[in-house]
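Okay, got some structures for you below.
The two complexes that follow have chain A in common; it is paired with chain B in the first and with chain C in the second.
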Partner chain A sequence: MSTQVASHPARRLGGLTLDPLVWMLTLLALVIGVSTFFLIVVYVLWQAAGVFGAVSLSEFLLFEPWVPLAEPPRLGILHAWVSTVYVTGIALLVAVPLGIVMALFIAEIAPTAVRNVLQPCLEVLAGIPSVVYGFFGYVTLVVWFEHIFDMTTGVSILAAGLIVAVMVMPFIVSTATEALDAVPRSFRETGMSLGVTRFYVIRRIILPRALPGIFAGIVLAFARGIGETLAALMLAGNSLAVPKELLDRGQTLTGLIATELGEAALGTEKFAALFAASAVLMLLILLINGGILLIKNRLLRHAQG
Partner chain B sequence: MHKAEQLLLNNRRAVVNDRVFWLLAWTAGAIGLLLPLSIIGYLLFHGFQVLSWSFISEVPRGYPLGVSGGILPAIQGSLAVTGLGLAVAFPAALASAIYLSEYAQSQRFVAVMRFFTECLAAIPAILFGVFGYAFLVVQFGFGISVLSGGLTLAMLMYPVILVGSYSAFNAVERPLKESALSLGVSRAYVIRRTLLPKALPGIIAATVLAAGHAVGSAAPVLFTASVVQTRSSPSLDSPVMTLPTHLYNLVSEAVSFEHAYGTAFVLIACLLFANSCAMMLRHRLRK
Partner chain C sequence: MRLLFAASLISVSFTSTALADDGKLFLSGSTTLIPIVSNAAEAFTQQYQTWDQFDATLPSQAIVIETSGGGSGQGVRAVLDKVADAGMVARDLRPQEVEAMGDHQVVRVGIDAVAIAARHDNPLHSIHDNLDTDTLKSIFSGEVSRYNQIDNNLADQEVVLLVRDSSAGSAVMLQRQILGETPVSDRALQMSSQGQLLRTLLGNPFTFAYISAGLVNANEELKAFALNGVAPTQSNVVSGDYTLARPLLIVYQDADNAYLDAFMRYLLSDDGQKVVTDLGYIPVKADQ
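Here is the complex of A and B:
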């Protein structure tokens, strides 16, 4: 009997040699993989630091225009982050109310059959690449704007904002639906049994319970919106002026980076400035995501303990 | 009497509110259904008219380039870059997921690693492009090439595959794992014979999702792998055309909207196919 066990191929191979080997290799993969995160963060910050010999932080963020070819180069990203805030702001203004009502529909009202069709449809929407959205906006929204507002070119902050709204909406819907689904069934049943309307139950009982989850989804959607590149690049108009109105052209942070990086040589101040713009974007997004993740973990631990 | 009237009024208002909300919700639901269908329908309808065998099998021609001919080099380039990215990211992510779910002893370590993985996943595509350009293309001297682009996409895909595979492993029933281990075989054997087959649909779904995301995103390959035109078939150290950057060039330089529709069609058709496969796998997994 014991010889049989000993001659089992798995025991002969695995028990002695394979296990430590697999342990080591998998750990190695994990360490290398996760360390790319630190590599990217440290490298971007390191390259970005080079810009602060040329301009101060406040000049870079608030006062200087973007004229990298001037002598000396003037490196400021005011127009870019204002554009980013505009575009993402418009996107959230449209996507948040629509997304929340859509999530309420999916979680509370829709018959199962409708829900089973609607959710995959939204997943498809989330799977469309950014560049295709940019193209779609270019042949629809931009053309309509030219007709409706009598513009010479329809590319604008508003066009970019509306398309980014379509892009972040599925995300808001899915996180909000998840939050609503997490509210126990008994809350609904108890509420309804008191003879109040369904709307009352949703507004007074379910929404307040789901609000933290919905809010987290909105904040994460904001982080996605400001990182959105191709659609914003193709639709915002690539103008270096600070946008003042919705139909002005602008250039988001991501658009600025995508437009100028290919022409910047390593070691120049312009290159460093583009990295500083990337660093601003990166830190903001990591702060948001890290914060939400930490809060979520604590909430989970709280709920378990 | 007065109080009763007030109650009735409140009641009526509540019922009206309820109806209004019901209407709003159904409207939002209709938008949620019509928006994807109309966007996809619009693009597929226009794209389908451009599509022909020669569009898929020929190189771009005409002046400016891309006015006529096809998009074969872009298809090849996208496959090459994404393929290389997968070849790097998939084994690394799978191994990492195995370590986290099977070997890691401390829950705190797992939590910390997952936290950083999710942070990596949160970094937007353009930043991978910026990093890949400066670090791989310029400092490592890989140049604008399939190698640089593939490695950049690998970084993009790694966290997605890792998180997906990790949850697939965790979804395998604990008793199954424990009874397998109690037979006295090694962990490696249990992983290969019990866990991997059980978790495979979930792993594949995550991988397809990540690859689809990578094929479609232009920002990471814009500076690391892609050029406006190539004729040669892709090799590791040469730049390529890719589908998303080709689409971007066709639109931003106003070369040919017809061909842009065609390119978008090919891109979307591939993604729809891949994503529906992934969705079906996930559905099967849930059962």
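Here is the complex of A and C:
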């Protein structure tokens, strides 16, 4: 391709050089992509604004329960954002360490034959629809919980968090494996030749090098986990209680929106409240993604310095 | 471009179906009634195809019956604005609606009755077959949350409440008639459909729920509680003695619309009432 361009430095199309056209098309694509993002943000905020005729920000986030059938409706989403933080937090706490260890095994330890089986398996795991995960969790995990913890019903924040952990794990493993693979082979060989153990090479040479890629995987997994709707809805109980313990029931922000939006009448305060819940979800993603990036930069500086 | 084309098609069919003498009926209103009317319309159309095959006095126009949602209030408005032949209303008409419509027809095609039910082996069934409003209120509000709090002899197990999300008609009915100002317990499991609620209720003996009476009566593993001494049987619901229920109505102003009259006769026939029963609602004929 580059040789072609080099041999025809001024390709013409009906008297026009192609370069400005390509420039304009790429710019157009960029503008469409970016403006869609801003349009969504602006639209959500615009629709959400209507809720503040009914409740104040602090009531909406912290003090009011969610009782849309009350007169007047009481619209608070404390239970939902707490549930979302719980479920996503459990999922990442389980999936991140496990995922990194699995990636290390695949990239550094496993023989090629084993690796050739493991990697496609994980990729398939990433493609399973969330309703299947939700149903699987409902007939296995929920039933086990009922036996193990002697619960009347096993649906809980913990059940939802564990299933979401399994759902996001492939994202961490595959991104981390790629990052580990990208560390030049000579680094390992040099390390080994100095007589240190394999564990030392992994810990002190390879992991720090692969860290940016691993963090990209964590960010991806977080985004997948916090946006997960169906499995969380089926397993967390879809209850309006604010969860305090791991075995309590709850309802994630996505679950709240999915449950209520279908029949919320246009222009009502409930409709606005659901958009405000979406805005809170976006804000949470922004905050936590920012936090993860901050930690990544800290660790990188530490690793390099 | 395709969108524009589709939009124009919709507007054309909309204007031509409304009150035109071409064998087409258009009903608008409650989303609860849409499955009843559209299932009945489908069976009706397949069986007869043209109106004269159902009733020889009618023209041999093809039967076309269309529905659209929007809620009960919208159904009444559509009739008043003359954009629909009939409105579907899943509640009693309000006095101002009756007044606004003046001379009008109301056909009750079925009843949506809500039963308080649990599995046969639910602990509560062993001591009660009747619950009064106050007991129900204390259970659904979460004031009592374990079976041994209702009665000392019962198991120390959580009363797992299954409720519909706030947009369901049954949730609104329970709120108004049983709970009043008190909100539903925040520990209740919210179910997004009757089907999901039924499956969950069948899966666990400690669950306790409100659910369409038709579904309970059709399911041998479930047993309904009587409410204030009245069981949600077919005859009690139709007579109005069982109060946790709402009528499913079709309202219209044009009494001379022969097509509409024919379709109403079909809805009230055995075939039409079977559609109502199959969907878990109570048919209006006591012998069904």
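One rule holds for everything that comes next: the second predicted complex is superposed on the first by the 243 of 305 C-alpha atoms of A that agree within 3 Å, B and C clash if a C-alpha of one lies under 4 Å from a C-alpha of the other, contacts with A are read in each partner's own complex, and residues count from 1 in each chain.
Criterion: contacts are C-beta pairs under 8 Å (C-beta built on N, C-alpha and C of every residue); 3 or more make two chains touch, one makes a residue touch a chain.
Fair warning: this is a prediction, and the values are worked out from it, not measured in the lab.
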{"item": "Contacts of A:49 with chain B and chain C, given as first, second, both or neither", "value": "neither"}
{"item": "Partner chain in contact with A:211 - chain B first, chain C second, else both or neither", "value": "neither"}
{"item": "Partner contacting more residues of chain A (chain B vs chain C)", "value": "B"}
{"item": "Partner chain in contact with A:67 - chain B first, chain C second, else both or neither", "value": "second"}
{"item": "Partner chain(s) touched by A:93 [first = chain B, second = chain C, both, neither]", "value": "neither"}
{"item": "Touching partner for A:79 - first (chain B), second (chain C), both, neither", "value": "second"}
{"item": "First, second, both or neither for A:120, with chain B first and chain C second", "value": "first"}
{"item": "On chain A, positions contacted by chain B and by chain C", "value": "258, 262"}
{"item": "Complex contacts: residues of chain A adjacent to chain B", "value": "5, 8, 10-11, 13-15, 18-19, 21-23, 25-30, 32-34, 36-40, 43-44, 47, 98, 101-102, 104-106, 108-110, 114, 117-118, 120-125, 127-132, 134-136, 138-140, 166, 173, 196-200, 202, 223-224, 226-230, 234, 254, 257-258, 261-262, 266, 271, 274-275, 278, 281-282, 285-286, 289-290, 293-294, 297"}
{"item": "Residue ranges of chain C touching chain A (in the complex, touch as defined)", "value": "31, 71, 157-158, 160, 165-168, 171-172, 175, 181, 183-184, 186-192, 204, 206-207"}
{"item": "For the chain B and chain A complex, residues of the former touching the latter", "value": "14-15, 17-18, 21-22, 24-26, 28-29, 31-33, 35-37, 39-40, 42-43, 91-93, 95-96, 98-100, 103, 111, 113, 115-120, 122-131, 133-135, 138-139, 155, 158-159, 162, 184-189, 191, 193, 212-213, 215-219, 222-223, 244-245, 247-248, 251-252, 257, 260, 264, 267-268, 271-272, 275, 279"}
{"item": "Complex contact set, residues of chain A against chain C", "value": "65, 67-71, 74, 79, 151-153, 155, 233, 237-242, 249, 251, 258-260, 262-265"}
